[in-house]
Amino acid sequence: METTRKLIRKQSVEKLYNALTSNRQVYAPVVAADKQIEYRYNPGFAEVTFGHIRSTLSVKNVVFPKVENLFFYTNARSESTITDIDMSRIPEVVLWGAHPCDNAAFDTLRSIFCWDIKDEFFSKRLEKLAVIGLSCHLSDEYCFCTSVGLSPDSKKGSDILLSLLKNGDYHADILTEKGNEIVKSAADLFETVSDEKEVITEVKQKFSHEQVTSKLSAAFEHPFWVENSLRCIGCGACAYVCPTCACFDIQDETRGKNGKRYRSWDSCGFGLFTLHTSGHNPREVQSQRWRQRIMHKFSYMPERNESLGCVGCGRCSSGCPVDMNIAEQLEALQNI
Amino acid sequence: MARIGVFVCHCGENISATVDCGKVADTIGKLKHVAYSTEYKYMCSDPGQTLIKDAIREHKLTGVVVSACSPRMHEPTFRKACAEGGLNPFLCEMANLREHCSWVHEKNELTTEKAIDIIRTQVEKVKLNSALQPIRVPVTKTSMVIGGGIAGIQAALDIANCGHKVVMVERSPSIGGHMSQLSETFPTLDCSQCILTPRMVEVAQHPNITLYTYAEVESVEGFIGNFKVKIRKKAKSLDEKACTGCGLCTTKCPQKKIPNEFEQGMGMRPAIYVPFPQAVPNRPVIDKEHCTYYIKGKCKVCEIVCPTKAIRFDQPDEILDLEIGAIVVSTGFDIKHADFFPEYGYGKYKDVIDGLQFERLASASGPTAGAILRPSDGQVPKNIVFIACAGSRDPAKGIAYCSKICCMYTAKHAMLYKHKVHEGNAHVFYMDIRSGGKNYDEFVRRAIEEDYVNYIRGRVSTVYERDGKLIVKGVDTLLGAQPVEIVADMVVLATAGVANPGAEELAQKLHVSYDSHKFFAEAHPKLKPVETNTAGIFLAGACQNPKDIPDSVSQASGAAVKVAALFSQNGLTREPLVAFVNRTAPPMYSTCVGCFLCQSVCPYQAIEREDFKTRDGKIIKTVAKINEGLCQGCGTCVALCRSKSIDLYGYSNNQVYAEVVALLNEF
Amino acid sequence: MSDFEPKVVAFVCNWCTYAGADLTGTSRIKYASNVKIIRFPCTGRIDFMLLLKAFANGADGIIVSGCHPNDCHYTSGNFHAKRRWIMFKELMDFMGIDMNRITFSWVSAAEGAKWADVVNATVTRIRELGPYVSYKEMVDKSVEEEVKNG
Amino acid sequence: MDNLVKRAKELLENKTVQVVIGYEAGPTGVIRPAFITDPEKAGKLIYNDKCDQNLAVYLTKKEVKNFGKMAIVATLPVMRSIMMLISEQQLFAESIVVLGISADGNLLDIADINIMQGYIEKSDLSNPEKYKALLAELNKLNPEEKFAYWQKELSKCIKCYACRQACPMCYCTRCTVEVNQPQWIPVQANTHGNMEWHILRAMHLAGRCISCGECGRACPVGIPCHLLTMQLTDQVYTYFKVYAGTSDKMNSVLSTFEPNDKESFII
Amino acid sequence: MSDNIYKPYLMEIENIVEETPDVRTFRLKFKNNEDAEKFVFKAGQFGEYSVLGEGESTFCVASSPTRKGYIECTFRKAGRVTNALANLEIGDTVGFRGPYGNTFPVEQWEGKNLLYIAGGIALPPMRCVIWNTIDLRDKYRDITIVYGARTVSDLVYKNELKEWEDRPDIKLITTVDPGGQTPDWKGEIGFVPLVLEKLAPSSENTVAVLCGPPVMIKFTMPVLKKLGFQDKDIYTTLENRMKCGFGKCGRCNVGKLFVCKDGPVFSYEEILTLPEEY
């Protein structure tokens, strides 16, 4: 679809938001009581933040929830039956105000969930998702979108991308048919573009991901991994806050004769992630697991999924309790 | 392939009166994995048991739930029946429909539903039961008796007479203990030595008893049936085989001014000595602390005079390694000495003595040849005061308990005194007279009524010296707390019996618990008074708490029976409901991380360490391991273990979890 | 809530309370049938997680009972249990989990009547408190949470 | 902190230790753990009041232990952690050198465990001041409010187990949450399952928590989970008059008992 | 069938064989006939077997694709799911997802000699291809099977071993570790590599399939090399932990390869290019 750019006034943004929340689930960022940025469904417009750098958690849960029920079952004496999930109950969601890195991550996730065999849960959720992104006018030292081929105003993954203008109004880039539908539903709010300057933050490029990828192909045995993962304590924080990490576990939970099988987030950083029943563990120590994390994102995924497993949001680094700074490590890696 | 059989018992009408057994059996029969469900009037009857056995075979049952009375009643019955039916007995569980349901609830829907719930819970549990085999522990049929007092002697002789080997370890140079120091014994006033010494000789001569005197337990490892004990045989500086016990050395020893322990310091002995004339073994030892040769490097008079050249100055201590199957601890007690009592002069008045010292004075073989004479001037005391409960029952002194023997021996002392000093006056201050025991109270009455001992109920506040006399100030509570003052020539304190010095250290070596007074602790105050918490270690005599001779002897015989029972079979068979620490393939070996907090919760010292090593002996990992011989299956370690690496057969995590889930959910 | 029948799970040790409950039966003392017993060798064996699991599976009340102090068949299991329950109770109180729903008791093998009293008192109290709605809601809400998440 | 650098360099040079665990400033200025093996790089070590991570967590980490003998920059919580680790047999006193840091940030001379014990015993072992107010505030809430508060907080938990991984006392090879027979703790992160996890964690740390607050600091979503363990630390002291990590021979509160332990709720 | 790739087929247990006290073989039949008709698989592929309520466990299809209408699986009681599976009986329901993964290139092997070498519980992953080739016996030349286990009671598929032994067109060598034999044991006694060395099969026009515990593989490989086998003519299977079975859950990869997609069958030539993550 041909993309178009329109103007939406500051006050119209509120109208658009309210129009959307009146008939849809709108998932928008707010500043919680403990100062954490979190996404909530249909918060009042006054609560919605436009000035955040990054939410604590990514928004991947709209397409890859913490827990996704795969089916329900009943175990009776003679008969076990399976009841499918009614996918039509998956709600239409508008993701509001998510930054370009988060939105680009949907493509990355798609490259995992839909390569080879298509994952219907993910696809359906993505299908029912419309993304009204917001370019970044703020950034911090953890941001490195420009190093992974993105930018503070990348359009990838957004249906509409808003960009703040100096006067407080927004440019709206209408990028997809879905975006167009939204615009059409509130056509009067969108005006023709002005020549007001956009406020886009500058994110310095720290490394070249192509170079990292090429270096990694021969870096499996490099001492780098041990040296640089000593302080990693092996929690799953980086994976769980990451917008593109898609590792999951499949478990059953039963109450009485009824139960469900679900998939839930998992992390390659956990020691037991790859543990065999025999006790053998192919990735026994943390350095091997840290290597897996980086390799997966910057070497295996480019080769197997034709996408980079990182969008440069910096959450893993800002959320890491021991400052395992991924950008710093990648910068070092491109020079090994 | 779980195939569970459920057998619902009517117990006559005991269950069926309030529980609809037919409905229960029906409903349960519809549960997943229940292959067979039936009801019967009396499951425990022969036909009932046959029903179970037949069903096991016919339906290839992998588990059985007998829904009847309390498992505390008939679990063994039904487990046996299952075994006879070809099912491992530990794959049988009972659902308690009678005591916990039919007898305690009215007849209604809810009661029947509860019965179903109870059974369903057991069905879920039994699915997870494991086929267990009884644990067999080999037993070394040699026992060790620590302490050669009357309790130890009795235990040793009883065990030896059952045909089992006994090693007796005695710390001092002779066996005999406190009883050998006593003059006469209550309530019969027969001579202590006369009844004791034949027993001592019997010990020495018994073919099944090996006696190590002047020896101490160095360390104890292992567990019931399989203790590994190290004994330190202290050097006696003597070749015991060469020595004939002629006694020449002891008479020639130039060092003769050493306070005699046996005489409670009221006599002297040489540096090479036999503790008392009837000592067993009757061989001297050299007291290295006081021997001139050991102190100054020259003397050797004993060596010169010894006709058989038996003296060995360079003899080292010897460490013996013994394999022991059971241990009797009979290390006895000690008493508080007069110096513990500031109010009675901290022991500075020579004529304030303790009970044991009085025993020596009254003993025909004692320092005064049986004459009651004042230690200070050798005069016969005309007025003598006995103070009972000196220290005992006095929380302020840290001794809240009753020493149990003092009432009786004080009566005996007063009586002995009156028998020897007819014109003298004997006064006894007491709190209560505790004379429970065969012929005991009669004995005390005799002291009061026939020997005119003056019993004053009240406590003595102070004793002080005035003009060579001891002024005893007290009150007579029977006369309205009237002050009493007695001018005495001698005061005898019935001081509290306390744990032996070293008891705590020994308890720690043995891994048995001890109470706050350092007395050894029995496994159960009522039902296991002879056992300790550590299987295979038993108690006899006053090391547990102060006891008189008959009590000590009874307990010793009790301990001996426990040992003999243990030795009566080739091995020990135990219910396999014990804890275990999981094992996994290398390199993990176990999910146990080796924090060993479980060791401190285990009341039985059943948790040991297991090292996993590389081929060249480097320790890779140390994890906990349960000694099946010791574990009693309480499961406290299981609930404590953070990594859930310990589990308990019969009450596994999986089982109890399944029970909770089954009890609360519809199936 | 007149037809509310509380579900109460009792975690008891084999040697004292289980035997005490047997005695209640032998003495034919009646008590509420809402309580169902799970037998453990010792109170020391009772994992605090089981109590949470009981609530999660829909229990409205819990009884935990074992030998009186100093009476433990294994000498010290109940002492360890006591410390565990002290800590557990403090934590539950701090988190606002209703400790009025848990009865901790010592019932000896001779206290058949006390067992009936403990059961009846607990059931009466739970009846007054009603179903443990707030806990059940949390459990149910957790399930919904997942469904909605997207 | 010249003294610290000097001492670390010395220890590495004379091969007393093979690694020094301390703090360094990362490229973004964030303080983070450092593992110095080369004496020439000892200069990277820093210490200031932002160095608040409990480094003792690394003393049980395989790759760090593989270096050999370790020196560790140790503030009071680290020292107490070391005591706990030794008493729970996860660490040998001989395998470490403690570079003690006093409350005012100076290098202490901790020659051996006894000296460290002396220092710990002199220190205030109650929960740090900064947490006391919040604890007190929470304790004032009524049960419903408390339950609501914790439900809200714990609904955020994503089960990343940063709290566990950051805790020096959570050194188990296999955590209870990784046990699936039975599945004690649900794998998925929902409020109820999260609450069970945090109760389990707090109970496992009862009498073992040394009040470093590391679990709360590590939490990426800001759950004050340290308050749970700290509340129990307070209660352990109230009931049993002990603080964890004061001796290398202590037994934890839940693995010991006194016959006269007082409680008021067991009928 | 819905689009739900996580939803298993419901299978009924038609038969159970207790191979050893720990090892069971299930014969599973599709509950739904349509599923049965549509279902195709090839030798070497695996699936996710589940007990509803306990979870899924990964193991290969142990029966041959030449035998229609059912699949078989063999598993050892080790974890939660396999324990639960072992508790099932005939008529019970098992969930099955699959087939997943690549296959043994049996077509390429036509006209060649086949040498199967398996140890212990690693015979099941090979049983499928063994039967596959036996059922198409005339397409292959010599078929030799070397199978070893720790003890006689650890040998699985005892009935089939008998059948293979009795067939003139198959050479079967069974062996047990020293000390693992019973008095009436007629097979070899000794470790697989040594037995293989003694047997010294020709590598000429021969494909070797090798599955077993790592230590067996470690000592058998040099023997095969000594016998002149090329890396490309030696096949094995890798068994990393997996959850999804189709390259999404992120667990089973060895370097960039997914065992669940690119495996489980690998030639030694490929194995040598992989980082050591298996």
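Letters A, B, C, D and E mark the chains as written, and numbering starts fresh at 1 in each.
Everything below uses one rule, namely that a contact is a pair of C-beta atoms (placed from the backbone, for glycine too) under 8 Å apart; a residue touches a chain by one contact, two chains touch by 3 or more.
Not measured: the values here are computed from a predicted model.
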item: Furthest chain, CA centroid comparison against chain A; value: B
item: Farthest chain relative to chain E (centres taken as mean CA coordinates); value: B
item: B-E or A-B, whichever has more C-beta pairs in contact; value: A-B
item: Computed distance of Cα centres, chain C from chain A, in Å; value: 45
item: Interchain centroid distance [CA atoms averaged], chain C/chain D, Å; value: 33
item: Distance between the centres, which are taken as Cα means, of chain E and chain D, whole angstrom; value: 47
item: Numbers and ranges of chain B residues touching at least 2 other chains; value: 588, 601, 640, 653, 657, 665
item: Contacts with two or more other chains, residues of chain C listed in rising order; value: 48, 57, 70, 76, 80, 84, 145-146
item: Touching two or more other chains - residue numbers and ranges from chain E; value: 55, 79
item: Sites on chain D touched by chain E in the complex; value: 180-181, 183
item: Chain D contact footprint on chain A (complex, rising order); value: 34-36, 38, 56-57, 66-67, 141-142, 226, 229-231, 233-237, 239-241, 249, 251, 253, 262, 264-265, 267, 270, 272, 285-287, 319-323, 325, 328
item: Residue numbers on chain C that touch chain B, as the complex places them; value: 5, 7, 9, 14, 18-19, 21-26, 28-31, 33-34, 36-42, 44-48, 50, 53-54, 57-59, 70, 73-77, 80-81, 84, 116
item: Residue numbers on chain D that touch chain B, as the complex places them; value: 88-90, 171-176, 179, 181-182, 184, 204, 251-252, 254-256
item: Chain A-facing residues of chain D, complex; value: 26-28, 30-35, 53, 57-58, 61-64, 156, 158-162, 164-166, 174, 178, 183, 186-190, 217-218, 220-222
